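Both of the next two complexes hold subunit A, though its partner changes from subunit B to subunit C.
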Partner chain A sequence: MKESRLWFLQFLTGAILLFLLTMHMGIMHLEDIFGFISRVSGAEPLDWKAVLHRSKQVAFLVVNIIFLGSALFHGLYGLRNILIEAIPSKKFGKILGLVITIFGIILFLYGSYATIGIYVKKF
Partner chain B sequence: MNQKTYKNRLGILGWFYGGKYWIERYAYILHRISGFALIFYLSLHVFVTGERAKGSEAWESIMGFLKTPVFHFLEYLLLLAFIYHAINGFRLIFLEFGVFLGKPAQPKYPYITSIHRQRPFVFILMILGAIFIVIATIEYFKIGG
Partner chain C sequence: MKKVEIESKLINFKILRYNPDNGKPEIKEYKVEIKKGTTVLDALIFIKENFDPTLSFRYSCRMGVCGSCGMFINGLPALACQTQVLHLNSDTVEIKPLPNYEIIRDVVPDLETFFCKHKEIKPFIIRKDEKELENPTNEYRMTPEELEEISQFTYCIKCGSCLSACPTYATDSEFLGPQALAQAYRYMADVRDEGFNERLNVVDSPHGCWRCHYASACTQACPKGVDPALAIQLLKREIIFRMLGIKKEREGAKLYSPPKEKKIREGIPSPPERTVK
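And then the complex of A and B:
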């Protein structure tokens, strides 16, 4: 993909993350402020009961996968750019691009598997 | 990577000298450091939260390990990194689209560059970031009940 398109995606995913990561951090760590979104009575946000409650909602399933993809692209593309700047060699850039892409795909597949897995499994 | 590449003379050390770029340069350095922290955490986070697919026992076991004061504090640092990275990223999106940079014009003395034009925006966002950090700290540690 052209570098300009990757750069555009970096900003697009940045804008998506600005919203989704704020929601995620808020729901998980600042429940007195963001608790109205997905509070389970008598449970902390990281208790199994609350985790299961969120994971069984189709909206959370879809948003989580978009969130995961955006976060991985944004983070790994940013990391690649920093490393290429630190070591400006074409060969290194190509190898790094390949390694980071494979790493990102593995994380995306595993994260999606866990998200879909808990959604479909009966506990 | 088709363009010609140049030798990076200063390497990583070049990050730590703002020079005439001043606050924007330091904002950029902090953006990278906070970005490093976030991507490192994300890589581990995907595997840790993946434990939920194995059921309640696996989940409780990993949470028991992560609910220690050390991890609680590290997550707080991550929250700070996120707030800073988000606020500065918000600024970068605006700048990418040319907002607050002014229209191109014939330079007239005393020269005002695009860096000077957008500087109030930097200060406003950094103050806003500081306010968010104070609110998040109070809420995270349940200060005052």
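And then the complex of A and C:
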């Protein structure tokens, strides 16, 4: 993929992460202030009841997968950039790109599997 | 410009000396009586003529237009011919070759890679009508406003100071660098040019414009006010806009024929007769 497209995706995922991370912090970690989870599921964020409740929401599934994909791309593309600047070899750059892409795809599939799995499984 | 009160002063010059045939780089000191208005280049020429004829350095125009005398003066890249010694406000002047380059000898850097990167971006007007380029019949139309858009980027004298200041180039030798990227933008934004896509493959690459982190050290180092950092950000914007379809590929400026009838204003005298026929 052309470098400009990768760079644009970096911007896009950065914007997505800014929004989703803010939401995540507010909903999951500022329960004492906002009380969102307890109002919606009737339990604390890390209680099994609350985990199960939100994992069965389509919105949560979609947001989680977008979050996962964005975080993986943003982090791994950033790591790749740091490494190709530190080790400026065209051959190394190509191999690194391939390794990071495969690694990212594996992690994305694994993370998505976990999210989709809990959504479809009957408890 | 700093106001200099003193008329002359004894200055200690610490110059990095390096002979590739024998040994490691070392600092040699020379004391020179400097008068008001003496440049670092003047001092180096004086040292060479009076103290050490083996001292090597590049210079040519001695007026800040050729870019030959780029050096590291008291920790900053600068043109030796444009740096007045007393304006440095220091009793000691340290002169080293520009960093980020191999040293040929003393304060002479090897600018081969610098010029190779410049060549890569095709620093000339590219047109589809090659016949017109080879046998020009007219000029391409460019308004003063269109010229103003790229004007500052045309002032580059290829001194190498920007590349020596660039922190990205210090670690990533594959990086195209601020000079090449600024010149790429200079041509890609030129209304007469039709080579945007041809240069795109060079600048839109893993070690192209996207490796610039906007440190702006290049802009601070440039002795001609070029602002390569701005050029690179404008280049990134242009590439993204074209990628998203916000800006379309444009045709190059059309040929411009001057008016057939020359209307001379009243009161303008005719030119004198040619003396060479």
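The definition used in the following text is that the second predicted complex is superposed on the first by the 114 of 123 C-alpha atoms of A that agree within 3 Å, B and C clash if a C-alpha of one lies under 4 Å from a C-alpha of the other, contacts with A are read in each partner's own complex, and residues count from 1 in each chain.
Rule of thumb we're sticking to: a residue touches a chain if its C-beta (ideal position, glycine included) is under 8 Å from a C-beta of that chain, and two chains touch if they have at least 3 such contacts.
Just so it is clear, the structure is predicted and the values come from calculations on it, not from any experiment.
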| item | value |
| --- | --- |
| Contacts of A:Leu72 with subunit B and subunit C, given as first, second, both or neither | first |
| Partner chain(s) touched by A:Ala43 [first = subunit B, second = subunit C, both, neither] | neither |
| Partner touching more residues of subunit A, whether subunit B or subunit C | B |
| Touching partner for A:Ser55 - first (subunit B), second (subunit C), both, neither | first |
| Touching partner for A:Asp32 - first (subunit B), second (subunit C), both, neither | first |
| Which of subunit B and subunit C A:Ile118 touches, first, second, both or neither | first |
| A:Ile16 touches, of subunit B and subunit C: first, second, both or neither? | neither |
| Subunit B versus subunit C as contact partner of A:Ile84, first or second or both or neither | both |
| Partner chain in contact with A:Ile100 - subunit B first, subunit C second, else both or neither | neither |
| Touching both subunit B and subunit C, residues of subunit A | 3, 84-86, 88-90, 93, 97 |
| Subunit C contact footprint on subunit A (complex, rising order) | 2-8, 81, 84-86, 88-90, 93, 97 |
| Touch list for subunit C against partner subunit A, complex | 168, 171-175, 204-208, 210-211, 236, 239-240, 243-244 |
| Footprint of subunit A on subunit B - complex, ascending | 1, 5-8, 11-12, 32, 35-36, 38-39, 42-43, 46-47, 49-53, 55-56, 59-60, 63, 75, 79, 82, 86, 89-90, 92-93, 96, 135-136, 139-140 |
| Subunit B partner contacts - residues on subunit A that touch it in the complex | 3, 11, 14-15, 17-18, 21-22, 25, 29-30, 32-33, 46, 48, 51-52, 55, 68, 71-72, 75-76, 78-79, 82, 84-90, 93-94, 97, 103, 107, 110-111, 113-115, 117-118, 121, 123 |
